[in-house]
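The same subunit A turns up in both complexes below, where it pairs with subunit B and then with subunit C.
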Partner chain A sequence: MPFKRYVEIGRVALVNYGKDYGKLVVIVDVIDQNRALVDAPDMVRGQMNFKRLTLTDIKIDIKRVPNKKTLVAALEAADVKNKWESSSWGRKLIVQKKRASLNDFDRFKIMLAKIKKAGVVRQELSKLKKETTC
Partner chain B sequence: MAPKDRKPHVSRNPDLIRGVGKYSRSKMYHKRGLWAIKAKNGGTFPKHEKKAAEAAPAEKPPKFYPADDVKKPLVNKRKARPTKLRASITPGTVLIILAGRFKGKRVVFLKQLTSGLLLVTGPFKINGVPLRRVNQSYVIATSTKVDISGVNVEKFDDKYFGKKVEKKKKKGEGEFFEAEKEEKNTLPQDKKDDQKTVDAALIASIEAVPDLKSYLGARFSLKAGMKPHELVF
Partner chain C sequence: MSYKYHQFQVVGRGLPTETDEQPKIYRMKLWATNEVRAKSKFWYYLRKLKKVKKSNGQMLAINEIFEKNPTTIKNYGIWLRYQSRTGYHNMYKEYRDTTLNGAIEQMYTEMASRHRVRHHCIQVIKTATIPAKLCKRESTKQFHNSKIKFPLVFKKVRPPTRKLKTTYKASRPNLFV
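Take a look at the complex of A and B:
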């Protein structure tokens, strides 16, 4: 019931609207009630409305408005990239991206694989069914 | 006159703003060294001799002048070219045909003919599409490519696919007509052989890729949840 993810300096957030959609950024300062100063290794530090951000569980240890170098070092130290990509949220996003980029041939191969898997599962199931009914 | 390797010449007069150069006419005259060229040549600019103009062949006056002035048609310098081929379509690309008898079939692109149409083949053994012409607009290009280096498509052009001109025969009664029709409906053997030679090399390179043969044998269709504007082909 209580809040678990707070807006604080060092909070990693996901951009959910706008030019930088889908990027992970770090809240580096709070400007006012609605906006934060936000920074990421591959973008110019700039302001963003909180409504454009979705907070994640990850937080890094930085002081208010660090240099780009310090920020990148802190991100490395906290291993944000791997933590994100191994979290279930991060993994879901990766799968979504992969699905969206599938070729027509890839989709065909996936269909064949799904049919094969279903066949194997059904065989096992029928084996189990036979055991229990007999 | 210039040796072939000349670099394109950059202007000696930088633009201050588009249309306004930094240097005036007299300054540019000096910069280009026209004074030095003239000095070398004794005060005037070097000239070549004009070629003696050839005497134009004597024209006879026309026999007939129209009563009213006849308008000359406007000059048209356009050249007939085959349709511009989409960058995504290269020889060996797998295409999805969208209309006609073979709609939904995935087919291999061979080359673009001079009429602009695309020459395409199933291969016939895999999905029943023969060597055929298809319009670029009725085709989706996928990013899957097949190795087409072993195939020789030089001999195919638009005339190969044109309708055969029938020799005019005398109008016969019912029986004669039917006999003629039956002859024409079968494909000539040399076309069948062409199909076989083209497909032989293609099928070999298709079988090298796993699942590609069944992919080409299957038709494409939109299923639930597929949004064509979001699909990557």
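Take a look at the complex of A and C:
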């Protein structure tokens, strides 16, 4: 099993621990074996331990330590936001966030929708069953 | 990023006497965890260099020095003098870090782990930012690569907050990336 996701300049990573949990950041330079210099459009460029990062499949084309403007332009050019939100990982995270932010009325609406969907599925199933037995 | 060691600029001189109306003023840059310790360290070093003690001297100023560019990576060279179990030795160590305080903290922890030298047995002689060409140690030079690329081989996934930590897990972890 060769490795597919490498720590390299331009690799997009997800922060999985700490104050910036859940953010997408770009690895802008490598300090040493355990730390990287990391940047995102809404944070000050800072260092982060690799233990706090999970690498994604997305990589953008930047030079070592670009300034903020170049970084934002490169992120736009590579369309990182849309790529992330359409990937299965990104979609799962969006659904998780939505579920965590529901209020009781939303959960009630979801319950009704689930019952309706299950009713429709059961109707189709009984139709298919009737066709095969008769 | 909170650092344990802060850099201070301490300025002091001996008290003026009848023979010496304007004693020479000395300034030192040193690392300590807080201001009180910095002042104490200042007198410790000054006693070794000049005939002056805290009791016949005065502190003129103490300011903390902050990193000018904490968002750029630099190679720091640190010259130090430390006391081992058998004598005093000099050492030169290199660290890659964003701030000098971070590099000094790395130095203290590394000296403690590699040579069992505690904080009070280490004296920092000199520090400098070294340009990449002049670095001596292979372990810093291996990161001087603009196309650096390596995989993360052992990836233990941690719970995102310490509150979600459990002693027992239902299944064995997947450590691949």
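Criterion: the second predicted complex is superposed on the first by the 134 of 134 C-alpha atoms of A that agree within 3 Å, B and C clash if a C-alpha of one lies under 4 Å from a C-alpha of the other, contacts with A are read in each partner's own complex, and residues count from 1 in each chain.
Throughout what follows, contacts are C-beta pairs under 8 Å (C-beta built on N, C-alpha and C of every residue); 3 or more make two chains touch, one makes a residue touch a chain.
The structure presented is a predicted model; accordingly, all values stated were derived computationally and were not measured.
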item: Room on subunit A for both subunit B and subunit C (clash or fit); value: fit
item: Partner chain in contact with A:129 - subunit B first, subunit C second, else both or neither; value: neither
item: Touched partner set for A:92, first subunit B, second subunit C, both or neither; value: neither
item: Subunit A-centred angle between subunit C and subunit B, computed on Cα centres after superposition, in steps of 10 °; value: 90
item: Which superposed partner A:8 touches (first subunit B, second subunit C, both, neither); value: second
item: Partner chain in contact with A:117 - subunit B first, subunit C second, else both or neither; value: neither
item: Partner touching more residues of subunit A, whether subunit B or subunit C; value: C
item: Partner chain in contact with A:68 - subunit B first, subunit C second, else both or neither; value: neither
item: Contacts of A:37 with subunit B and subunit C, given as first, second, both or neither; value: second
item: Contacts of A:109 with subunit B and subunit C, given as first, second, both or neither; value: first
item: Smallest separation in angstrom, by C-alpha atoms, between subunit B and subunit C in the superposition; value: 13
item: Doubly contacted subunit A residues - partners subunit C and subunit B; value: none
item: Touching residues (chain side subunit C, partner subunit A) in the complex; value: 1, 70-73, 96-98, 140, 143, 146-153, 155-158, 160-161, 176-177
item: For the subunit A and subunit C complex, residues of the former touching the latter; value: 1, 3-9, 16-17, 21, 29-32, 37, 44-47, 50-51, 54-55, 63-65
item: Subunit B - residues contacting subunit A, complex; value: 94, 96, 106, 142-144, 211-212, 214-215, 218, 220, 230-233
item: Residue ranges of subunit A touching subunit B (in the complex, touch as defined); value: 100-105, 108-109, 112
